[in-house]
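Each of the next two complexes has chain A plus one more chain, namely chain B in the first and chain C in the second.
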Partner chain A sequence: MVEQAKTRLVAGPFNRVEGDLEVRLDVVDGHVGRAWVNAPLFRGIERVLEGRTPMDALVIAPRICGICSVSQSHAAALALGGVMGMAPTHNGQVATNLIVATENLADHLTHFHLFFMPDFARPDYEGRRWYAQAHERFAALRGSAVRGILQTRALALHVMGILAGHWPHTLAIQPGGLSRGVEKQDCVRLSGILGGVRAALEETLFGARLEEVAALSGVEDLQRWAEGRRGSDFSLFLRIAQDLALQSSGRSYDRFLSFGAYPGFGSDPGQRHWRSGIFETGAVRTLNMDDVSEDHTFSHMADMGRPLPPFEGATEPHMRANTAYSWSKAPRMAGLACETGALARQLMAGQPLVRALVARDGGNVLSRVVARLVEVARLVPMMEQWVRALRPGEAWCHSHTGDIPDGRAIGMTEAARGALGHWLCVEKGLIARYQIVAPTTWNFSPRDAAGVEGPLEYALKGARVHEGEQTPLSVQHIVRSFDPCMACTVH
Partner chain B sequence: MAGLETFYDVMRRQGITRRSFIKYCSLTAAALGLGPEFVPQIASAMETKPRLPVLWLHGLECTCCSESFIRSAHPLVKDVVLSMISLDYDDTLMASAGHQAEAILDEVMEKYHGNYILAVEGNPPLNEDGMYCIVGGKPFVEQLKKVASGAKAIISWGSCASYGCVQAARPNPTQATPVHKVILDKPIIKVPGCPPIAEVMTGVITYMLTFDRLPELDRQGRPKMFYSQRIHDKCYRRPHFDAGQYVESFDDEGARKGYCLYKVGCKGPTTYNACSTVRWNDGVSFPIQSGHGCIGCSEDGFWDKGSWYARLQNVGGFGVEASADKVGMVAAGAVGAGLAVHAAISALSRARYKGDDDQ
Partner chain C sequence: MVFTVLWLQSGGCGGCSMSLLCAQTPDLVAQLRGAGVEFLWHPSLSEQSGAEVRALLADILAGRVRMDALCLEGAVLRGPEGTGRYHVMGGTDLPMMEWVRNLAGLARYVVAVGSCSAYGGMAAASPNILDACGLQYEGVHPGGALGAGFRSGSGLPVVNIAGCPTHPGWVMETLALLAQDGLAAEDMDSVGRPRLYADQLVHQGCSRNEYYEYKASARQPAQLGCMMEYMGCVGTQAHADCNNRLWNGEGSCTRGGYACINCTAPEFEEPGHPFAQTPRIAGIPVGLPTDMPKAWFVALSALARAATPERVARNAVSDHLVVPPTCPRRDV
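Let's look at the complex of A and B:
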């Protein structure tokens, strides 16, 4: 094969992603040949946690990220609860779900309106039939959708204010429940807030009732629906996606991982409202957490000789300029790279439209964004039900006295961006080891010892690069379709 | 500075009505603790002064400061402040992501040399020659020094920039270092908190935009208008502290009655911040209202002062009545006395903030 027109690009630093990101690209004949994804930042939170009183993880771990702090806090509380053998009270569980859901909802809205859609308002797309509308709605900072959604988001975060005191870096979630109880008047206020959020979303984002969007069941169904809702922002996105063929952009391994979202309440608290597992080639597999390991071959981390499960893992930064290219480790499930996020969650939850889209074209820019919006439409009605499931006046937190026993446990939850796990080992009453594997660590991992690329690196292959593009638009769409959080990735 | 728009011009261009502008001036006066007689003064300043350039840099951090900032209570204040500090995205920052953005940074630095405000979120790590935080292929500490060299004054957003915060907690693996230990020759305004309260952030910026000078600072370099009182001084649970009524564990009888959280680790008595007055998320609540003690996140070194959940056996043991100035004096040694309080700042603008665009 003749190697022609091969060039190397360094794309980044990226704006409109959380944290710092750089992507190196080999470009061959106008397409990405190979990609290397680099997280150029390291903070060392796991090292800070070691040697401390276990409960202090509730304060330190959320500081990994100002965007997903509640998810980090939830994972820490679950890990501690695992070691202590403690499950939250009914009210604690319901309220925690409400708090986590609020953060995920806010993150999805931010991603769509502030990070993802503004790309289509760039002058590069001038001349497209949908450009005028996209520009009017989504031009960065000026778009008419921006101000509205910031207000809706701020309103949604009042749920956080009422239940958890403040955000970001909420403190209220405890292993035994919540540090605050709910009164009847709180439930009334929560219902009012969610009603306002619903109205705003139905008005502009969907132009339809949330239930109608949540019930979309297939590809043709979606097309029909979009035709009838041309004024809505979701419909605008679908038109753009069709015109730019976003369904054939950014396909990765089509192996989807979810830790399961929103622990249930009632008879089996182990159950989750959206179940955990791996979704691949149309089938669901049960998770085996012993299969998780992290590989350091291409990370600026001390070489451990082999990929280690997080319970044995370590975070020792070590500059190795010869091979390593990222601060991120490479998490693998039984040696395989997995994609995680709203798409994985909705596949595992069995949402028919999302399953149909993936059956047709796999995971791609279109299906990732649709899954996020369908999730928004499903989440708000669930939250309304949870408010009704609160029991004012009843217990909200189990108390615990004395020291935390020695032991180990995994705190598993779903952040907006996907599967989040905290592996905690307590020895002699102190944190002996604390390993965190975040959603974007899975999605934006570097290569492993076998040379297997991370999901984004794989997804970027074949992306179109136009003449003179330094940070190609197609690459930006693919990168942002994962909704990366780099602060979490490297922690 | 000839030919520059005034704040008022900018606001009108952003679609803000005259009526909203006057409302904004009233809100600003109230937020800054000024009486109604200041409203015309603020309005006049906004109508006649050229806008102030602000450059916003990100080091080692978690973006919680930005997240807090874009959620400030009054949508109007937030819109106005955001539009003012992010102006040049409309005017000049037509660059795409990446190296073009860096070039624009250089251009603004040159054009407004000596006249812009540098706002820093996060801090530079110094270990391994700064390799733990790389921006545009170079260590963040280099970018920070470069941009600081032409700044009129620096705002250290949050506890990371002010004190080091979580990544500087023992053992501080990256040697994360607060801004004032790297930049020694500029006035620095510290706005600590993890994150700081949105209204405090907009308040500080608005004050500087409006009055063309730094707010009055305490000995640690914090604006006195927001950091001169302890959480404890204005805490709504204070009567229970005075009456010796305490929560012993979350959800006990005391918790249900809303007693004082001091015994479950509350650091309100030693923390200088405005949470108990301004509150969070549109004044809805703050940590103590959610039944959780204050963790003291706006205090220097709060990560390494013992567990947040330690039960206190005998209450009233530490010097909780020390005055702001006493605490300030102790800490002043580290800060250095070179803070130019009331330094005059002239004007002009630009911001980099995550979530903004390009194109």
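Let's look at the complex of A and C:
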């Protein structure tokens, strides 16, 4: 067999990544040597926003993305609220948390069951001890888990039917609160929906109480737990992960970014339930938003000569076939590439199992997926509490009259797949500049001027490529472990 | 025989697929099976990725695999300068615009899922640097990526399941009817929408109808009143059954407390005024119900306003019910 041969693979169109994706790979000696991640679709929504009346952002911004739709709404409402000097009512904030959490929950369930797990049901894995079960449960569109999770997801999204009109693309989240007030009987129905979701997750995904999963605290603890829950889908994944050594796959820079999720912790509207920051080498650093900049060196964007902070940034498409290779910009924090997502959120939140997994092997396919599922188990009980914290009869949305003042503000929230920021400048009553930095823009960014690869590009290095593989499975697992949203990436 | 569907995405958000996954009674997979509809490939749901998809596309182009319907979600991006290179399908180096043109001629039906692929939608909003358009429309104008004269193998023009997003029921019922060859030209309205949902107005079934009758209007988000006079709602003109079919169980835009922005219509993305504000001329809202004489509307509104019960007037500007209806027996 001839080794050391360098071959070039082009993997695409990638599916189950919410949008279009192409990955070019240099394969050396059966492993990925270098990778180039290309978001091959340009959207240009920032340009649509510019020049419009600021409140129109509430209609336009959610339409950036069909899967992070209310996260985009939330970021837009926070940015507008920042400029207006307005914070939501108690009810508005709690209900918005419920809405954002519902999307986050639905996205995590969609990702695990419909986007990520079907790859283990491929015939390539025939012969593995877990294959029959994986195929029976997760074969795309056919597996026995598919219909069940569609039903659970659709049920969960009934929260949107009550609180947000519908999903995706609601206009209910306003700077001053929520456009829909609910009564006691609606709260009872919300609790009922969450009860149904809890039951379904406890029965099939976890085979255990959510609180038991949320309390998992260490690597051995997780192994013991998985042994005792062999019928559950989470346990099946853990067995697969162990067999395929997914903890050694897809490690990136181990520098994790979160903008903080769910405002209103401890009745402080500014404080978030899961805090913001950067997690690196076991420690948390405070965010400095002035450190955020976007580099265009390898993006099909007019070159600005240097990385620019979003408040000075622009989106001027410019095909540069000789250098650029993606429509994605390259966001950096103080010049450094960061990974964002549920793993970052749960690290920031101090969830002990997630901290232990990262302490052992960093961010990888295993720890990203475990963090997502642990987050599911933590989220539903929080949502149950938020329903009880709603106060029917009290105000839902502050009145807003008159024009929006000139000014600028950042709306920061967390989509399922990580940190989302909207940088808004209002001048003369109109949107003068609107720059969005989406989670997958961080994760799937191209290289920057210094040649530093984006987190996925770096994570793909070393991935195993078997003889004859055109779209290597290891690459697919790593790509999907980030739960990418390409629609947002190229907003 | 199954009805085979190839589903592609281009200049859009993917929200119509995400909405489709919300199908219920029964769930999406059961509905697809029941209707005899099978995805050759769907970007969110199918196993095949990369090389497998390229092979499938080659098989379809060569006639080795039958494609009954081509569904496109998202606008066709023609820019920059007509090259279509704002979206090159991953792994193929060929603009999606070309893929769509090459494949459309092979399909028995071509279906635009969502307002973007129907008319351009939000993707084509000003300044439209993408040069985005719909499959067979450019906003209100026939034309678009395939041209006004395009007919698929069945003889039908593009079926425009417009909406931003689309309701899962609209998509499933349209596909199920197509699978039975049960959707004819007369089942589509003047802008290509299936009449199964476009023959109703959002106003019909609106839970705020009593407020509308009395012109008891909301002026701030969360207030219970009618949103037509001040809040930008155009449900009286919008073609869709949202308030009878309902979304995610029991929702709709107006039930969620915000305006219907007529997202099933061509050029909804450019209302010419802030979305959530009703433009007014001489105190009268612009954009009255389309088939009602203006003088009648003004006269009826004035009468209704004068006759508004206290209950309706007070509730209209509250964010929760403050005055319940009285029980007639107790009043006697």
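Keep this in mind: the second predicted complex is superposed on the first by the 485 of 491 C-alpha atoms of A that agree within 3 Å, B and C clash if a C-alpha of one lies under 4 Å from a C-alpha of the other, contacts with A are read in each partner's own complex, and residues count from 1 in each chain.
Criterion: contacts are C-beta pairs under 8 Å (C-beta built on N, C-alpha and C of every residue); 3 or more make two chains touch, one makes a residue touch a chain.
Bear in mind that the values here come from a model prediction, so they are computed numbers and not experimental data.
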item	value
Clash or fit (per the criteria above) of chain B with chain C on chain A	clash
Partner chain(s) touched by A:R147 [first = chain B, second = chain C, both, neither]	both
Touched partner set for A:R306, first chain B, second chain C, both or neither	neither
Which of chain B and chain C A:R63 touches, first, second, both or neither	both
First (chain B), second (chain C), both or neither touched by A:P392	second
Contacts of A:D20 with chain B and chain C, given as first, second, both or neither	both
Chain B versus chain C as contact partner of A:Q174, first or second or both or neither	both
Partner chain(s) touched by A:E183 [first = chain B, second = chain C, both, neither]	second
On chain A, the residue positions that both chain B and chain C contact, one per complex	10-16, 18-20, 22, 40-45, 47-48, 53, 55-56, 58-60, 63-67, 69, 110, 114-115, 118, 121-122, 139-141, 147, 150-151, 153-154, 157-158, 160-172, 174, 176-181, 317, 319, 327, 395-397, 399-400, 470-471, 476, 487
Residues of chain A touching chain C in the complex	10-16, 18-22, 38, 40-45, 47-48, 53, 55-56, 58-60, 63-67, 69, 110, 114-115, 118-119, 121-122, 139-141, 146-147, 150-151, 153-154, 157-172, 174, 176-181, 183, 317, 319, 327, 392-393, 395-397, 399-400, 470-471, 476, 487
Touching residues (chain side chain B, partner chain A) in the complex	58, 60-68, 70-71, 75, 78-79, 82-83, 86, 89-90, 96-101, 125, 128, 131-137, 165-167, 169-174, 176, 194-195, 249-252, 255-256, 275, 280-282, 284-292, 295, 297, 303, 307-310, 354-359
Parts of chain C lying in touch with chain A, wherever the complex brings them together	9-19, 21-24, 27-30, 39, 41-54, 77, 80, 85-92, 96, 122-123, 125-127, 129-130, 164-165, 220-222, 246-259, 261, 263, 274-276, 319-321
Chain A residues touching chain B - in the complex, by the definition given at the top	10-16, 18-20, 22, 40-45, 47-48, 52-53, 55-56, 58-60, 63-67, 69, 89, 110, 114-115, 118, 121-124, 139-142, 147, 150-151, 153-154, 157-158, 160-172, 174, 176-181, 317, 319, 327, 395-401, 470-471, 476, 487
